[in-house]
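In what follows, structures are represented as structure tokens.
Each of the next two complexes has subunit A plus one other chain: subunit B in the first, subunit C in the second.
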Partner chain A sequence: MTHKQTWTIGNIAYWIGFTLFFIFTLFPLVWVGMMAFKTPVDIFAVPPKIIFTPTLDNFRDVLSGGDFLDYYRNTFIIAAGAVTLTLVVGTPAAYVLARYDFRFKEDLAFTFLSFRFAPELAVIIPLFVIFQRFNLYDNYLGLILIYQAITLPLLIWLMRGYFEDIPKDIEQAAKVDGAGWWQIFSRISIPLVLPGVAAAAVLAFIFSWNALVFGLVLGGRETYPVTIALLGYMGYQNVDWGPMAAATLITIVPEFILAFFVLRSLVRGLTFGAVHGG
Partner chain B sequence: MSSVQNVEAARPTLESAGTLRPGAAPTRRWSSEQRLPYLLLVPALVVLVGLIVPFLIGAYWSLTDYKLTSSLPKNFIGLANYQTLLTSATFWNSVRVTFTYVIVVLAIELPLGLAVALMLNRQNRIVRLFRAVLILPLMMPPVVGALMWKSMMTPDGILNYLLGQIGIGPLQWLGSLQLALPSILLIDIWLYTPFSALVLLAGLQALPKEPFEAAMVDGASPWTSFRTLTVPMLLPFLIIVGTFRGIDSLKIFDLIYATTQGGPVDATNSLAIQTYFEAIRWTNFGTAMAYSIILWALCYSLAFYFIRRWRRAMA
Partner chain C sequence: MSERQVQELVQALHAGRIDRRGFLRRAAVLGISAPAAMWFLRGAPGAAAQDATPASNFDWKQESGKTIYPILVEHPYTDAMEPFFSEFEDLTGITLKYEKLPETQFREKLLLALSTGAGTYDVFMTGYIDDFRYVGGGWIEPLDGYVADPALTNPDWDFGDFYESLIEVNRWNGELAKGVGEGNLWALPVNEEGYALFYRKDIFEQEGIEVPKSYDDLLKVAEQLHGKEYDGQKVSGFVARGDRTWPSMTTGYGTIFWSWGAEVMDPEAWKSTVNSEAGVAATDYWGKLMKFAPEGVSGFTWYEAMQAFMSGTVAMFIDADHMAGSFEDPAQSKVVGKVGYSLPPEGPGGIHTNIWIWSLGLASAAKEKNAAWLFMQWATSKKILADSAVKNNINPTRKSVATDPTVLEYMSSWGDYPKVYQELIETYSRVMVPALPEFAQLGDVWAKSVQEVVLGQKDAKTAMDEAAAEMDKVLATIQH
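Take a look at the complex of A and B:
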């Protein structure tokens, strides 16, 4: 702050509000982060222990025993597959929606978007029967296909905006130079939106990584995603809080690292392109 | 530059060459160049159809007595499923739970998000750090947020310990008939107020400075300029937050599934949770799809309402 800080009532209220919300946001993360390094005795200690001897037992437990790593791998295969398919299918569509005019263009764009706002179960319940008939139930390919409901609207709306951001003159000049449609698209437009492609792909990956209900209904023992593995740490009576906390950290830390790389595009991505900056 | 001019000069010749030979060749070249982009829409359209067809099949099922575990063929029964729902206490309870959820989310996350955005709308190191922290809840699976809070909401958990220090509780949190829904809403507020705050902060940073300076010169109080300038100019951003949070709350599933699964009794049984159990636990696919279609209609009405308001606000 450039002007002199004065302790007016407004200023004190500001810092109280700021601190309270800061603690509210950070506390669960810190608490569960600590839990992951605690022994069961320390987890249930009264009064709660802030200072304790950290242990890696919970991580050892998660990574050695059980199927957590299988679920982790499943999530990676499904999310990476879904993002790849979406990039291939969605990027050209986004370009066409950004650069060409045709009848029902906006209706088509909004139909893609509408899957972001539709209740997932309205599509998933029929697919529960259809997938079993076509051997897509509990199958990576089946899940990659239905995850398009998450990734494709995001990619198309984000990429459309990024393509629209390219000044038309650049493409026009290339056209005048005799470049064909494909040359312009692949040599000029795509390189110019590459940062946007990366941001959209990372966000689509994170959203896929976070999804639950698709895997819950259409996945099975072979394909369950990590979100279902996490729920598995809660039995009916006893909960393995330590391993659950460790598994939680293993699940979210890669996401935080990925998100860090696209920090500047996050607000734009979270609003499907509606809000820039932030 | 000169090459551009050369091409420009050459163009009329090319075009007249086309008219000289009014055969198929030039026309086809021109039209294939024009058709190619539309062909590139086809893969995305295939995926779109792949999503719409199951939905339409499901919509038809909502007009049948389809039960997955029954060996009898399904019969067309018209709107009977919907009629049954409209007289079912379970349905109206789910409607009540869902609408309560949406209203509380909007009533808290919008103003709280705006307050946080206003707090973050300055430049210093602490503020920048906090802005980065705000992103963390948004990047994690909602299931993880739910489990984090669930581990703190146990009877002998940290929240009850802290409340005990100031003489409150112990509370039953997710296990209590009265507190289960507020507890889930608390988790929702923790997870998604950052969304509201970050979008509104982007809005605040996009506001023009002049009207505020003019208002200050005119002697307007901060409150007056907030009410008459900030809020109206932020309206498009408030509507976007309302759209995303409103519709995601209408179809709330993950948080409830990870915490109470609709219980205790049916205190947190939202429309999406009830749809899931109707289909997967009771295999009543006809009824479940009737629930889905009603929820779908609610989501779309809200989306239409918000998009219309947004367009009006942008105009």
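Take a look at the complex of A and C:
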């Protein structure tokens, strides 16, 4: 806000509400953050300890053994691969949906969207059989392909909105100067929506990073995602709260960094782009 | 000390009947110091390859070059066995490509893999309740033929060493709602749990209370201790699982229900019998007993109940006996050394508890069944099971493991525990649930009504009549 703050009742209520909501959303994260540095005794202390002597044991535990680091790497490879493929395939698709008119255009766009809202479990059994048959099971390529169901609709629908935002005049002008469609697409439109590309890619990355079901069913020991390693801390007769919290913190670091860098375009992407695209 | 005894020990070690630690311990009993015992080991022929060298002529290499795909649960058994997988690969020449998942995800994935018949996994962990479904689907292989085949099964593996009662749990003739203990063997047991009474020794001593032998006594003790303070903490009289899902039925409540002589259903009439006279009486008692449970017990799964007991705020608890491993672990528990272990009290129908066993099963769709069987044999060998037992894979499923000195040593500070769990295995813990793949559904319906009694919303008779009617509806949907 650039105007001078005036303390009206509505204003105060707004800030109180905002602060409460802020605490509400951030509290679990703070709690997990504290837990990651606590000893088992401190974790179970009643009443909960706000001040305690921090320990790095949980992080040592997580980083020294088990499957966590392997699965972390798997998630990274799959998510990065999935987003790359989605960018290559999805950006032109979004451009075409935004700029060209053809038969069944909206049906096609809706079909892309339907990949996103169709429950994963509805398609998982046939997919499992197909993956086994074609040696895609427990294989990075297979997972990158199926993760398109998560990333592709997201990117297409966000990017479509961005492309529609570009004034047609700019492209018309380029056309008058003799540019072909590819030149217009790559030299004019893409640079203009670059912040949008970044936002959509980050969002797609975060969704892939958090995915569980596809990795669980279609992955195996070589390719399980990190989300499965996190579940593994809910062990037999015991939940390893400390290591689980430490692993959770390590797991959200990339999401945090990415989100931080593209926060602005992300918010814009979620509001403007989505509204226009819809 | 005689040299012959030492020679026998060395041979036992080589045959894999005891491990190196067991050897040293037994040697110490014979009055041989550890360095001297090690000298015997080094001097003995073939000592270098001690664990991998079988005594008999059994051909471990017969499936060399094959690859098998086991799927295992995150469990102390798996954790203990994992470091030795390379030994198995060296011994047999078989490549192991295994998966390991938390229990919930494990079940989802295994069910999917088995139901599609894709042959994804050769060997999997299973329990008898799972087997009811797998047998019906034709997904799991009967094992008697493998056990009896001298070409496939090493005599040193010693099938007779498993508790007979546990082998019976894994036999089923496929008849719905009955026939457990008869017919084919479907899996090899690797971990067992029965249901015991845990109590706070220190509180009982302080108050001069005897361990309750009857349910009347149990109720009196719960009432007497409820709300009092010990070590600065207010305690509840009793705890058990209380949430409205089927595992609450088969553990604390079930122990009382079945000890009253009640049954879940009548397989001939194909009707629920939870509203029988005994069932209603047991449930009525349960409602009275749970008045002395901690607040919020209606949401307690095993985890909350166990945490409550380990935090020192509960005097008595009926649940899976091998929770002892957690109670006696100072990293988790505030009641280390304070827990007494006992058989559950005797009810009007005697002492009956349900049982749970983790086992290894062989997939019908497995591509390399013989290689998979070699793995199952190795993974249920005395050596592997004894080694995992001291890493909290309890209770043992082999008699030789239960009496192994290292295993007894591991439990040496747990009071009566070894005696209690062995008595439960041998005499009191049996499959009490009906052999139905749909048992979970029945159990959930039942649990809802039992909870209404605990919450005081309904009397036991009304609630059990309603439960029986609802369970009959489920039963009516099952072809038999």
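By our rule, the second predicted complex is superposed on the first by the 242 of 278 C-alpha atoms of A that agree within 3 Å, B and C clash if a C-alpha of one lies under 4 Å from a C-alpha of the other, contacts with A are read in each partner's own complex, and residues count from 1 in each chain.
One rule holds for everything that comes next: contacts are C-beta pairs under 8 Å (C-beta built on N, C-alpha and C of every residue); 3 or more make two chains touch, one makes a residue touch a chain.
Note that the structure is a prediction, hence the values are computed from the model and not measured.
Q: Sticking to the clash and touch definitions up top, decide whether subunit B and subunit C on subunit A clash or fit.
A: Clash.
Q: Taking the superposition as given, does A:12 touch the first partner, subunit B, the second, subunit C, both, or neither?
A: In the superposition, A:12 contacts neither subunit B nor subunit C.
Q: Let me test your reading of the model: by the given contact rule, A:30 touches which partner, first (subunit B), second (subunit C), both or neither?
A: A:30 contacts neither subunit B nor subunit C.
Q: Applying the document's definition of touch, where does A:56 land relative to subunit B and subunit C: first, second, both, or neither?
A: It touches nothing on subunit B or subunit C.
Q: Where does A:45 make contact in the superposed view: on subunit B (first), on subunit C (second), on both, or on neither?
A: neither
Q: In the overlaid three-chain picture, which partner chain does A:194 touch, first (subunit B) or second (subunit C), both, or neither?
A: After superposing on A, A:194 lies clear of both subunit B and subunit C.
Q: Which holds for A:125: it touches subunit B only (first), subunit C only (second), both, or neither?
A: So A:125 meets both subunit B and subunit C here.
Q: Thinking of the overlay built on chain A, is A:90 touched by subunit B (first), by subunit C (second), by both, or by neither?
A: Touch status of A:90: first partner only.
Q: Counting only touches as set out at the top, which of subunit B and subunit C does A:170 meet: first, second, both, neither?
A: neither
Q: After superposition on the shared chain, which partner residues are touched by A:20: those of subunit B (first), subunit C (second), both, or neither?
A: neither
Q: In the superposed model, which partner reaches more residues of subunit A, subunit B or subunit C?
A: Tallying touched residues of subunit A, the top partner is B.
Q: Superposition on A: which subunit C stretch among 239-247, 311-319 or 419-427 collides with subunit B?
A: Clashing stretch: 239-247.
Q: Do subunit B and subunit C land on any of the same subunit A residues, and which?
A: 44, 46, 125, 128-129, 216-217, 231, 234, 239
Q: Using the touch rule from the top, collect the residues of subunit A that touch subunit B in their complex.
A: Residues of subunit A touching subunit B: 1, 14, 17-18, 21-22, 24-26, 28-29, 31-32, 35, 44, 46-48, 88-90, 92-93, 95-97, 99-100, 102, 108, 111-112, 114-115, 117-123, 125-130, 145, 148-149, 152, 156, 173, 176-178, 180-182, 206, 209-213, 216-217, 226-227, 230-231, 233-234, 239, 241, 244-245, 248, 251-252, 255-256, 258-259, 263, 266-267, 270-271, 274-278.
Q: Under the touch definition given earlier, write down the residues of subunit C that touch subunit A in their complex.
A: For this pair, the touching residues of subunit C are 73-76, 97-105, 108-109, 112-113, 115-116, 118, 120, 302-303, 306-307, 311, 322-323, 325-326, 331-332.
Q: What residues on subunit A touch subunit C, complex-wise?
A: 40, 44, 46, 67, 124-125, 128-129, 132, 137, 216-217, 220-221, 228, 231-232, 234-239
Q: Considering the complex alone, what residue numbers of subunit B touch subunit A?
A: For subunit B paired with subunit A, touching residues are 3-4, 7-8, 33, 36-38, 40-41, 43-48, 50-51, 54-55, 57-58, 61, 68, 115-116, 119, 122-124, 126, 130, 132-145, 147-152, 156, 158, 161, 190, 194-195, 198-199, 201-203, 205-206, 237, 240, 243-244, 247, 250-251, 253-254, 257-258, 272, 275-276, 279-280, 285, 288-289, 292-293, 295-296, 299-300, 303.
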